[in-house]
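A single structure is presented below for examination.
Which chain is which? They are A, B and C, in the order written, and residues in each are numbered from 1.
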Amino acid sequence: MSREAILGRVRTALGRKAGQLPGAIPDAYLRPPAIDDLTGIFCVVLEKLGARAYRVSSMADAREQVSVLVTKKTSIASNSAVLTECGVTGLPGVRSGVTDKQELRDLCASAEVGITSADFALADTGTLVMLSSGEEARMISLLPPVHVAVVPASRILSSLDQLLTTLPLPAERTSSMVLITGTSRTGDIEQILVRGVHGPGEVHVVVVESAQKW
Amino acid sequence: MPSVVSLFVTCIVDQLFPKVGMAMADVLGRIGYDIDFPEAQTCCGQPAFNSGYRDEARNVAEHFLRVFRESEYIIVPSGSCTSMITHHFRELLPDNAEVGRIEAKTWEFSRFLLEVAKVEDLGARMACIATYHDSCHALRELKIKSGPRRLLSHVQGLDLREMDTAEECCGFGGTFSVKFAEVSGAMARGKIDSIKKTGASVVVSIDSSCLMQLQGALHRAQLPIRTMHLAEVLAAR
Amino acid sequence: MEETRTIPGALSNERLQLAIYASTKRLMDHRSGAITPELLGDYQELRTQANALKKHTIDNLDYYLEMVEERVTAHGGKVVFCETGVEVSDFILKLAKERGARLIVKSKSMTTEEIDLNERLEDHGLQAVETDLGEYIIQLIGDTPFHIVAPALHLTRYEVADVFQEKLGVEKETVPEKQTMIARAVLREKFLAADIGITGANFVVANSGAVVVVENEGNARLSSSAPRIHIAIAGIEKLIPRAQDLGVFLKLLGRSATGQPLTSYTSFLSGPRRGDEIDGPEEFYLVLLDNGRTKLLENPDRRQSLYCIRCGACLNHCPVYRKIGGHNYPWVYSGPIGAIITPQFHGVSKDPWLPFASSLCGACAEVCPVKIDIPKLLLDLRADVTKDKEQKGKSGSERLAFRMFAWMMRRPKAYAMAGRIGALFAPQGSPWISRVPWYMNLAPIRAWLSQRDLPPPPPKSFRRMWKER
């Protein structure tokens, strides 16, 4: 069998025996930076990536901001409690509460805007961290040409290093963790930057700075 | 401070650019050293090593070890030959204790001036616009970058201008220059475009092989720019 | 298509030279802008960590292969070990047959280029569509990638316009933004109709049973999320021990490749959808490929060739690659990394010139995020080539020349005499020499003179000048 053949060759080449433990492994090297103003830095970096950041101080304001972005458009929203809480799911033109895979895919394929929250955000790279779950489906932040995310400020971490410190085993939580940093883009034709190749070309993040921890 | 230094002029300087060796001896003599030139010296073996002929390179390396056995300081006007001795002899002769001793005693010329002789101003004078080419072995294996520039900064009348591709390879690479001549030539011509943009009339380096490549290409292009080894510039009055 | 596939052709193709130069320069500048002391103060330390982690993983590879297999299985996926490319395509063909699958979408994977996967699948009636924009264009043309990260680097918008018009039947469109939208529309249909999605893996995380896929377009996300079946194909050397080690590797990969701290999408995928997840594939397979990698494990000095994270930085900084381009390398892996792994996979006698197509400038080693000592390996391979030639009795005049060289260099008097004789024969007096008399017209001298002039021999060697001073 190929498995045995390959493992056998590996062991022979390395001079190791089956079941032999490895030598000492270098410590994990994680150096989260100290950032005071997580929200501020996140928004600055996000805008540098060509996405848009909006800071609001209440869920009601978040709803207001989102409604501006989705007015007169068809939208599909995830089942995140954050979106229900701020009332985005009640906006005109917004479908939500979908749990059927095919129905969701069809809606995502035709919607103009996909609305999600995010499980974490990373300040120093302007990144949204999306874990696939019953609340957040993969396609909503992927198929529609515009992605709007409503993110409580308390979910903003400093960095990838802090994410991996907080969540050292993402695979135990989800089959898919995606780090979204800016918009879909390519430079494949004459190195000219084009946005929105397959994923969304527009990304809007509404950061809700309220006392409540989400 | 030692009073005697031994010169390893390198085979290319010995046979093709002897003035570089004389200039180096001149500079070292001026700052108070007695010069020893072990006549039995020939080559460091790099041409054979780089072409994949390890046995032949080893033989030449062993000869070098014998010739310079008694020397306290071995001064070399070349980054690539120095790094052959200090970085690659040990690959050819891993069990030879003499190699470690030679590594510690071998100095590229500009590094010797700055770190051992501790001299930066050689009292040189050369009115010209010059640019400096970082030879690859010197830059990346020996980490020589700011030293030669510091030495040049004290040369009266010399206006040093950086080219935008100072760290790019000139294209010599030993037998690469003839085995892949077209690519080598294209690389040289790329360097020359950069050199022209500086307005320099002199290109300086610490490696004669690079200077041979660049001068050959400059001359073929009929450009009135000449190449000089750092030693020649520092010896100029 | 303009000439890119011979060295003289590439060198004389002015447009190509400009395209390579500009693209690689841009990538070099972006990289250096992303690793400044202010932005990444511990860049050198990260390289050291990355090298140490890769060394640990490769030196204990069997342990981590078994770990990843256990984890993938625990999360509902399946690991398939394949010794050759044929085994990979056999596996996929069998699976496709069993599932009634016909359309496959693929995201960019050098490993699949290495095994000519698409060709084999298409030969058996499957449609395998490349979805990375550059790879899609290349596939339409029937070409091979020019660069590890920028496959269509050598093409102009006009060439893209022509191929879209010819192969897609659309109106001729030369604006890159519009060309991209054409491709987007065509490929979106494929994503949503495909039965199988195939991705590569930038990293395979042993303690998580996960593949990490790094991209900017979104086609890897779509390929791994839309179809019912996701197959990730990776060489066995792609393993890293822990998810936490991504803190080191992801910091180095994006910056070294394109200057991005993180690319637009970094996916951490550990199996089919589970629990109450709404979407995602129903089946997940991780194909772990040998295809000769175990050969490279054998030599402890050369094992480092397998540390490569495929960032392309060595290509961008290589003065030789920047002149000859990716199509002049004999295998899918080009540039300095290609130059060291190709002879190790295929044997030194197949392309004996390849380790010599380098001036050993060391720029590659300086920028390699995992500190592979490429120049040292090139030198080692050169020694292999000469030994191989000797064993086959094919040494020729070069070996003789270096034997004489060594003989002479151990005999100072003979060396000095040779110098004096040589000086006698060479043309005297001229500043630098453009031609030589017939008796000096040996191949190396001819080659030298084809590009530049020779220095005139001095009246006296240094040793004579010194003696007579």
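Heads up, the rule we're going with is that contacts are C-beta pairs under 8 Å (C-beta built on N, C-alpha and C of every residue); 3 or more make two chains touch, one makes a residue touch a chain.
Because the structure is predicted, anything quoted here is derived from the model rather than measured.
K.L.:
Common contacts of chain B and chain C?
P.N.:
none
K.L.:
Based on mean C-alpha positions, which chain is nearest the centroid of every protein C-alpha shown?
P.N.:
Nearest to the common C-alpha centre lies chain C.
K.L.:
Looking at every pair of chains, which has the largest contact count?
P.N.:
Chains A-C share more contact pairs than any other pair.
K.L.:
How many angstrom lie between the centres of chain A and chain C, each centre taken as the mean Cα position?
P.N.:
Here chain A and chain C have centroids separated by 30 Å.
K.L.:
Could you give the separation in Å between the centres of chain A and chain B, each centre being the mean of its C-alpha atoms?
P.N.:
That pair's centroid distance is 54 Å.
K.L.:
Give the residues of chain C that touch two or more other chains, as numbers and ranges in rising order.
P.N.:
Residues of chain C touching two or more partner chains: there are none.
K.L.:
Residues of chain A touching chain C in their complex?
P.N.:
1-3, 5-7, 9-11, 13-14, 16, 18, 20-23, 25-26, 28-31, 79, 98-101, 104-105, 109, 124-125, 127, 132-134, 137-139, 142-143, 160-161, 164-165, 168-171, 174-192, 194, 196-200
K.L.:
Given the complex with chain A, which residues does chain C contribute to the contact?
P.N.:
So the residues of chain C touching chain A come out as 19, 22-23, 26, 42, 45-46, 49, 52-53, 56, 59-66, 71, 75, 81-83, 87, 131-134, 137, 150-153, 155-157, 160, 176-177, 179-180, 183-184, 187-188, 191-192, 205, 207-210, 216-219, 221-222, 224-226, 236, 241-248, 250-251, 260-280, 284, 288, 290, 294-295, 297-298.
K.L.:
Show which residues of chain C lie in contact with chain B when the two form their complex.
P.N.:
Listed in rising order, the residues are 7-8, 11, 319-320, 323-324, 353, 355-363, 365-366, 379, 382-387, 398-399, 402-403, 405-406, 408-410, 412, 415, 419, 422-423, 431-432, 434, 443-444, 447-448, 450-455, 457-458, 460-463, 465-466, 469.
K.L.:
Residue numbers of chain B touching chain C in their complex, please.
P.N.:
Its residues touching chain C are 9, 11, 13-19, 21-22, 25, 37, 39-43, 45, 47-57, 59-60, 62-63, 136-137, 139-141, 167-169, 171-188, 190, 212-213, 215-217, 219-220.
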